[in-house]
Each structure stands twice: as C-alpha cells, then as structure tokens.
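Both of the next two complexes hold chain A, though its partner changes from chain B to chain C.
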Partner chain A sequence: MPYLFVAPNMFIFLTFIIWPAIRGFQISFYDSIDGRTFTPVGAGNYRAIFGDPTVAEVAKNTAIYVIFYVIISTVLSIAFALIVNEQQFAKGFFRAILFLPVMLSPVVVGLIWNDVLDRKVGPLNSLLEALGGGSPGWLIEPKLGMIAVIFVGVWVHLGFYSIILLAGLQGIDRSLLEAAAMDGATRPQIIRTIILPLLKPTTLVILILATIHGFQSFDFIYTLTGGGPFGATTLIVQYIYDRAFQTPIQYGLGSAAGVVLFMIIFAFTALNFLLGKKRQAI
Partner chain B sequence: MNKSLRSKIAIAASLVLSAGLVATGLPSAQAAGLQPTAAQLSAWKGKTISYYFYNDSQAELDTTKSQIAAFEKLTGATVKLDVIPFTNYDPTLQARLAAGNAPDVARLNNPGLYINDSLDLEKYLGRKYKTEFLKGSTLQVTHPTTKKLIGVPYDLTVNGPFINVEMFKEAGVAVPTSWNWTELIAAGKKVQKATGSEYAFAIDKTGHRVSTVMSHFGAYMVDKNKRNVLRSSKFRAEKAVKMITDLYVADLAPRDLWIGTGTKYSSPTAIFLGQQTPIFFSGNWQVASLAKDAKFEFAAVPNPKELNGGGWPGGKFLTAFNTSKTPDLAAYFVYYLADTAQMEEMDKNAFWLPVRVDLVEKGVKYATRSSDMAVFQADAGKTPAAAYGIQSVPTLTALIYNNLRDLMTDVMGGKITVKEAIAKQIVFIDEKLATLKK
Partner chain C sequence: MSKLQERASANKWSSMSGKKPPSVGSILRTTFLLVMTFVILAPVIWFVLSSFKDPTDLSARPPKIFPTTWAFSNYTEAFQMYNYMRYFTNSVIVTVVATVLTLLINSMAAYAFAKYNFRGRDGLFVLTLAMIMIPLQVILIPIYLVVSSLGLVNTYWGMIIPAAATPTGVFIIRQYMLTIPDELIEAARIDGAGEFRIFARIVLPLCRPALAVVAIFSILWRWNDFLWPLLIAQKEELYTLPVALALLNGQLVVPYNIVLAMSVMSIIPVLFMFVFMQRQIVQGIAQTGIK
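Let's look at the complex of A and B:
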C-alpha cells in the first residue's frame, strides 16, 4: 500500500529526473550535433572539456561565485532569521517581504536588476552619483559584474534560507534560552553558545542547499549579464547550456559537462554531509 | 456535339485532372494556382499543424493571426501558432527538433541551421515555384547538395540607420540625404553634445549589422565561391571594425548593451526610443515597431557611403519540416502565406520589403512611412553583389557573424587589438570553411 502512494511521485521522478540523467551520462560518450544521430567518441568529450581553456576560466568564476554566495547567504540568512524571530511588530508583513524575491521568476529578477544596475540611467548609480560615488559599470567591469551577480543571487534566495532557519529557531526549546537569561547570559552569549550550536543541523541544510544552488545558478545570471562582461560571470551551467544549445550544437560535450557538474555537486554535498555528521558525533 | 455528351466529357476531364492532382500530392504552382482539391480539403479537415513564429512588431503578429484564421476557414485545418521570443528562437527550435517535437512550419532567419530537417518543397509546390521569388533570396533556402527548394523567402531585410529627426533639428544638424561614416559620426557627436543625449550612436549587437559597415569599406568575409575573402580585405575590415569599437570604447555608443549582455544578441531599440541616441543602426524590420512606439519624429536615412553604399542583405524565410505528419498541408500553408495576396498584405502592414518577383515589379504601396521604405528600397538596389557572397555558406553564416561579434567585444574590453580580432576571424573562417569540405 505505501508503494502505491509514492508511485505517482516516483513515476515523475524516474521519468523526468533519473531517466534524463542516465541518458545524459550515456550521451556524454557520443558526439551529436542534432540530438538524433550519435557518433561514439569514448572519453573524447571529457578530454575536450578538460583541454578547453575556457573551462579553467569558467571553473574559477564558479568557485568564486559559490564560495561568496554560500558564505554570504548563510551568514545573512542566520542574521535575518534571528531578527525576524525576535520581531513583534508587523512580523507577517516583514516575513512576506523577505520571502518575496523567492517567488519572482528568475527572468524577472534579471530584468529588474538590469535596470537597477544600468550604468547611465539606473537608480543605483543615480543615487551613487548624488552621493559622489561615481557611476560604476556594474555590468561592464568583470569584477563588478561578479559582485553584482553574487549580490542578486543572495537577494533571490535569502528569504528561502531565512524561513528554513526561522523554523529551526522556533524549534529550539525556549526554556533553555530563559534559563541562560536567568543565569545572566547576555544576548550575544546566548546566540553564540546556545542558539548557533542548536541551529547546526539546520545550518548544515542551508550550506548544502546554498552549495547546490550556487553551482546551479544560471537563469537570472543569463538574463542579467548573459555571462558577460568578457565571460566574467559565465558559470558552469551556462557553459553547459552554451555547448548544448547554442550554435554549433554539441550535445555530447554539453552532457559531459553536465556529468562533471553532477560529480562536483555530489562531492560537495557528501563532504558537507559527512562533516556535519562528524561534528554532531563530537 | 450535343449538350449531354459535352457535359460527360467535361466531367471525365475534371475527374482525370482531379485524380492526377491527388496522386501527385499538391499540383505544381503553375498547374492550378494551388487551390486545394476536394480530396485534399477532406483529408485536411480537423488536422492540426503548428507554426513556430517570432515577430519584430505587433503588426506582423496581428497580420499572421488574421491570415491563419483565413487559412483555417479555407482548409478546415487548425494552425497552432507558437510565438517564441527571438533571443532564444534558434536554441529552442533546435532543442525541439532534437526532442522529436518539431513544428510543422517555422519562420526562420537562419534557415541554414535546418537544411537537413526541412521539407523538399519542390515535391509539393513544383520545380518552378522558386522562380516566383528573388533569386538572391532563394539561395539561402536552396539545399547545398540537392539544390532543391527547402524554404520560401518571406521578406527581404536591408540594414541601415534611423535618426531622431527632432534631436537633429534641435542640434541644428540637417537630416542627411547622403553621407559617409565620418559625417555620420560627426553628426552623432554634434547632436549628442547639443541635446545632452547619453550616446551619439547605437548599433544592433550582431555581426550581421557590422558586416554592413565592413561592406561600406569594401571588406567581406566569404564570397559566392565559398572562399575566405577577409584575408584580402583585412585592412578595410580593420578600419571598419576599429571605427565601431572606438565609438564604444569612447562611450559614444552604449557599451553596457554590447559588453554587458555576454554572448547574447541585443538591440538598442529601447535606447533609441528613449531618445538616448540620435542615430540607431538597424534595419527596415524596425519601421513598424518604431512607428508604433516612437514618441518623436524619426526617419530612415541612407546608409553611409565609403567605397560602397547600400545595405546588407538578410531576410526571413518560411520552412516546413520533413517530420510533419501532414507534409502536404504544411507545404500548402507555406504556399498560402507566401502567395501574392498574403505577402502584399504583410508587406504593407508590417513594412516589409517584398521578395516576390511580382510584388517587386508591381511595387508595394505603404499607407504610411513610405519615404522610410523608399530609403531602404533604394539601399537594397545599391547593395554590392559581394555582400551576397556569405549566403553561399548558409550553414556557417550564424557562426561567422557571432564570432565577429564576440571578437569585437574583446576589442572593446581591451583584451585584443582590432588587428588581432581580424586575424582571428580569418583563421576562424578558414576553419569553418574547411569543415564544409569534409
């Protein structure tokens, strides 16, 4: 009987996730320019990926993005969760505001920030100019482009992570916090010695999710910068997309890059999971 | 001959003719003006075909919808219109083809990408059908090996500049009737200075548009014999590319739009409509949307003339796919959209330049913006024959244009020099042409 209940979900999961993943792995050993005719090339696509000079650049961009994205997202989402948890005034409203970007379409996110970050007529630069800060080329300077996409990436997911952490916070036994307060612990001490250690399992989830989201980031970046300027915001998923769907189409190469991405995400997730378990055991 | 016998012969003749038509699918264009037979109408009734489509203006979409409605009434078939944004047009279509979900008919601007997926239209529309269209335009939809017609020219596009007439007047700069590139840039700078606009000039981010500028300076990339001719005109190409990239480096053109959009196509239409630039280099397909959206007086002006004047050829095409379950219906839909009446209606409504020989000879009378269209038509006539050379390699044109665009981005960012960019483009074209020989 239980299998009957999970069957519809399993069917969808197997059809749209597992089967395409298996096919993708299979296609990574073939060359195909149209998705209908396949020529076996062995490990040729993998060799081509690791021999492609743009891959090193893409890997560097992805590493920078993921590291900053994960750290900033995690720190800020803990901070926001703590603030929202304490807040009494209009808490529903502020929680909705915090969560709002999560509900926006990535394309809309890209378009909104494209306007906001416009060098000549964008509101951000208008404000900066009024304050004497000049007109930075957010979308035409490589370093600023990376800062912009990290910021927007964090902005998009912050509400989601904060809500998860908020649930974790509300699961903490309040008697522990009250006892610490009665013993004279200050608010920072309570956060550092009680709340954060008890939030570790939830924080681990956030770290894993943020790492996965970081590696998978593509849609809003593609709309915002198209991977530019000068490839500075081209991450691994755009590399896969470009190889698989932009002329000239190279489905085999795109699939091989997809397999590489899977291995990376799997390795990071496993590492996070194992480290988290180790910490819990200690 | 009595009346009864005459009618019997007439009936017999029409039966023989009908049987012949049914047996060979659709009659040739010359045979019967392609009115569907009763048998075909009966077979098509209730059938559905999909039409993969993008539009540059609302007028194109509205006209297409009304023509589809008329087609559905005529045939009893249903046409499912899939309107796709241009930015992801080819990737989406290629993915659909790969997934076995090809549409029946598509409007294309890169027919070379679909050569092996396109239906042989001659089988359904006759061998002489292609003669109804301009020869230069049919080249891009002629299969390179079989020489069969695999698509139909839908419109002819000509690249060229638009100006904001009000900004020109405000700056005291006369609307040009002829000019060269030095004069164009000087005028742009003068208007920018006088009006305080953000930019002096803007051009679509595509190698296709830049090829026009190169053509003005006498530089071309591929000739009609599929040879790399950039090598022999590299100094001219360098001059043209340097002139454009210098405008972007100096912030006289919208750098954000070119550099800040990665490897995507982008058009400064919104920048022109926002009166941020007095000059916008694009093409005639913009006329309808500019006429609808511009809150100021604008005009198409002649292409600058250096060694050459004129525009750069391009266009849209209609193709039916060979995976269609009702290929005769798909072919007839292509025929219907491209017949004289429908095309004339579309040309008038959407400000297209005609590609049908009969319409070119007759001339299309545009209700408005006729002076703009006259400018583009005049530039079409001045376009050098060498500009059509790249159409000899329809499978490579998109690659060659895109690589030029990306190299220009690197020049704007100071990563390579113009000289290096052209040298790299020469090598790239060599490599791509070599793939044709394999």
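Let's look at the complex of A and C:
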C-alpha cells in the first residue's frame, strides 16, 4: 500500500528528472544537431567548454554576475533585515514593499526595467539628464548591460533573502541584547559584536542560496537584455537554452554545460546541507 | 504577523529606543526605507502608467509621467485584437490543474513517508529530497528530448506533469503529518476504513495548513514560471502569460503599448495573493528557504 502512495511522485522523478539526468550525462559525450543521431566525440564537448572563446565569454559573464549578485544581495539583505527589524514606524508597510518584487513575474520585471532603463524614453535617463548626468545606454553598452542585470537581479531577490534573515533575527535571544544595552553598549556595538556573529549561520545560508540562484538566473534577463548587448549578459542557463533552440544547435555541448552547472550547484547544495548538519549539532 | 507578535517585536528594542522623541538613528532608518520604497515602487508605478499611454506618448522625449490621454484602448484591444484571453486561460489551466495534481501526489507520498514503515522508505525519502539538486536548468536539453519523445511538447500535460512532483511539497506536508497521532489512523483502521479512505477523509483535512502553504507556493510559481512553459509551449495557442509576454515583445508581433497592458493585467492575480496571503508566504519562505 505505501508503495502505491509514493508511486506517482516516484514515477515523475524517474521519468522527468533521473532519466533525463542520466541521458544528459550520456549525451554530453556526443554531438547532435537533431536529437536523433548522435556522433561520439569523447570528452570533446568538455574540452570545448574549457577552451572555446564563446564559452569562455559565457563563463566570464556568469562568474562576474554571480560574484557581484551574491555579495551585493548578501550585504544589502543583512542591512535591510537589520533596519526593518529595528524600525517601529510603519514596519509592516516597509516589510511588504521590500517583499513585493519577489512576487512579480520575472518576465514582467524584465519588461519593467527594460522600460525604465530605455536610453531615450526611459525615466531614469530623463532624471539623469535633468541632473546633468548625460544619458547612458544602459541596455546598449556591454558593461552597463551587465550592471543593469546585476542591479535588477538584486532588486528582484532582495526581499526573499531579507525575510530569511529577519526570521534569523527574530530567533536571537532578547535578553542578550537587553543585557548588553544595560551594560551601556551602543546600538552599533550591539549589532557588530552580538547580532552579526549570531546571525552568521543564517548569513551562510543566504550566501549559498544566492550563489545557487545566481547560477540559475535566466528569466528576467531574457526580457531585460535578451543576453545582449553583444552577448555581454548571456549567462550559462541561456547558453544551454540556446544550444537547443538557437543556431548552432549543439545538444551535446549544451548537455555538457548542464553537467558542469550541475556540479557547481551540487557542490553548493552539499555545502549548505553539511553546514546545516553542523548547525544542528551545535 | 499577528497583532501580538507585532507588539512583541516592537517591544524588543524598547529598552534602547523607547518613548523618546525620534532619534537620529530612527530618522536615518526611515529615510533609508523611504528611498528603498521609491526604488521598488517607482518603476512599477511608472510601468503601470505607461500601460495607459498611446504610442505617441510612449515615444515622447522627454518622457511624460502621466499619459496625455488615458489610452484605455490598450486594455480593450488586448482582448479584442490580440489573444490576451487565450494566454490568460492557458495560465489559469496550467496553474490550477498543476496545483491540484501537486497537492494530490505530494501529499500521497508525504503520507507514506510519515505514517508507514516499509522497505526502502528512508532511501526513497532521501532520493526525493535529493531532487532539489537537479534543477530544470541543469537537465534542460535531455529533459526536452525526453518530453518530446513522449509526445508531450505542445500539450497542457507536458506543461503540467513533469514539474508536479516537488521535493519541497513532500517535505512540508510530511513534517506536518508527523504531528498527527498514529492512534487516530489506528482507530479508523479498526473501524474498517480503507487505507485510501483514511488518507483522504481523515489525514488530508487535518493537514490543511500545510496544504495551504504548498498550494500558495505552487500557484505563485506556476503563474510566474517561464523556462518550463517556454520549452513546452511552442505554438502560440498554448502560450502561458509569461511566455506570451516575453516572445510577443521580442518578436514585435504585438505593439508595445498592448504588451504593457497585458503585463499589468498578468500581475493583478499575484498582487491579490500578495495582499491577502502575505503572512503565509513570508512564513513559508522563512521556514523552508524556498520560493
């Protein structure tokens, strides 16, 4: 009887996750442009991934995006969590606002910022022009495109990380903070010497989650820059998608990129799990 | 957050910032939060206002904040001249059916893991949780090949079934079911109720809070999901809203003013959930770390 209860879930996992995962690993050693005929190429796809200049460009973009996205998200979400937590006036309102972008469809978020950052008719540039700041081509120049994508990535997810940190803050023993206050510690001192150290486990979770999310980013970028300008914001997931749906179609190469992405995500998930175990032990 | 919790967390800092006149710190804090509010709300409000502009207003330099004439026609044309209703219906079908299916099969699996002893239980449970490590992005190409060899490309079932089994759903419901006393199930068995009947009539109704959390997350995720329906729905009549908005905008098939109106309409259901279910969503995230 219990097997009947788990059967539907297990059937789906087997058919749509485990089997494709095995197939993907297989295909990564072949070359295919139609998904029907496969030519074995040995480790050729992996060699291409670590040698091909296009892939190197994608890897560089992904690394830059993930590094800045993770650092900025973590620092800002700690700052916002602390601020919202101490806020008394309209606390619920500010928390709701911070959380709003998390609910929006990433596709629409991309469209929103595409509109706002438009070089000619976007409100940001008209504001900048009024202030005498010129009108930068946010979505036209490669470097600015990357900055825009990082900024919007942080904008979308900040509320999500802040909520996890806020929960961590609620878990801190009040008596500790009150004792410190009674001993005459100032608030910055309390934050630096008590709150931040106690928040370290939660911060680690945020770092790892943000890294995993960063590597998976795709949807809002699709409508914000479409991976451009000149491929400057094409990250690994879009690269994999393109290998199946844009010329040149290369299922093997895309699958190999998927295997590499899996190993990255696996490493960080395992790290998260191990740290979680350690946390429970303490 | 309930009134009581609200008060408790407000009291938290009372010894430091109690009933004194607003301190420099609190002014700084509020200013900071007001800037944040502006950075978050201004683009959204700008976007909503843009959706009421006609093409002339949209290309005006410098851009106008308010439309010169409110072009409600953007909205009516989305229905009359373009297929908004089709995309909306597709999104509703996929979201509703997928959520019902997810609740059913996830709670079934959760029940087996929580209330039965059987060979391989722990192994299968670990295997279920391990599925978190293989996100769609990683197996994009092979899963597309598998799904198309099964003839599921360009079908509703293709959009619904493959992602209906979720490790987090199973986990959340299982944790909740562990709190249901075994005696209750034993008693029903002695009364002669069948196993599935016990599950459907006794256990499921007791799990309503956990099911609600899973349902809310499933609805939000399915409504906003892009990559999976993008793979499966390659015919326009199957586009869900996110796919339609992304592709129609990219291919310039639908004028930009109409895309704006469609986008705004597509976020209205989510905003309703945001207003009425914020507490459950926030708690769900805080507890599981998953969106």
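The rule is simple: the second predicted complex is superposed on the first by the 244 of 282 C-alpha atoms of A that agree within 3 Å, B and C clash if a C-alpha of one lies under 4 Å from a C-alpha of the other, contacts with A are read in each partner's own complex, and residues count from 1 in each chain.
FYI, contacts are C-beta pairs under 8 Å (C-beta built on N, C-alpha and C of every residue); 3 or more make two chains touch, one makes a residue touch a chain.
This one's a predicted model, so the numbers in the text were calculated from it and none came from an experiment.
Overlay on chain A: chain B and chain C clash in the combined arrangement. Contacts of A:Pro229 after superposition: chain B is touched, whereas chain C is not reached. Contacts of A:Gly214 after superposition: neither chain B nor chain C is touched.
In the superposed model, A:Ile140 makes contact with chain B only, not with chain C. By the touch criterion stated above, A:Asp34 is placed in contact with chain B alone, chain C being left untouched. In the superposition on chain A, contact is made by A:Phe99 with chain C only, not with chain B. In the superposition on chain A, contact of A:Val237 is made with chain C only, not with chain B. In the superposition on chain A, A:Trp155 makes contact with chain C only, not with chain B. In the superposed pair of complexes, A:Val6 makes contact with chain C only, with no contact to chain B.
Looking at the superposition, the partner that touches the larger set of chain A residues, chain B or chain C, turns out to be C.
After superposing the two complexes on chain A, the stretch of chain B that clashes with chain C is 80-88, out of 8-16, 80-88, 152-160 or 278-286. Comparing the two complexes, residues 35, 120-121, 222, 226, 251 of chain A contact chain B in one case and chain C in the other. Of all residues in chain A, those touching chain C in their complex are 1-3, 5-6, 8-10, 12-13, 15-21, 23-24, 27, 35, 80, 83-89, 91-92, 94-108, 110-113, 115-116, 120-123, 126, 129, 155, 160, 163-164, 166-167, 170, 174, 177-178, 181-182, 187, 205, 209, 216, 218-219, 222-223, 226, 237, 240-241, 243-244, 251, 254-255, 258-259, 261-262, 265-266, 269-270. Partner chain B is touched in their complex by these residues of chain A: 34-36, 118-121, 137, 139-140, 145, 222, 225-231, 233-234, 242, 245-249, 251. Interface residues of chain B facing chain A in the complex, by the touch rule stated above, are 90-91, 94-95, 97-100, 110, 113, 116-117, 198, 255-256, 259-264, 274, 276, 398-399, 402, 409-410, 413, 415.
Of all the residues in chain C, the ones that touch chain A in their complex are 1, 6, 9-10, 12-13, 15-17, 25-26, 29-30, 32-33, 36-37, 39-44, 46-47, 50, 58-63, 65, 104-106, 108-109, 111-113, 116, 118, 121, 124, 127-128, 131-135, 137-148, 150, 161-165, 170, 195, 199, 220, 223-224, 226-227, 241-242, 245-246, 249-250, 259-260, 263, 266-267, 270-271, 273-274, 278, 281-282, 285-287, 289, 291.
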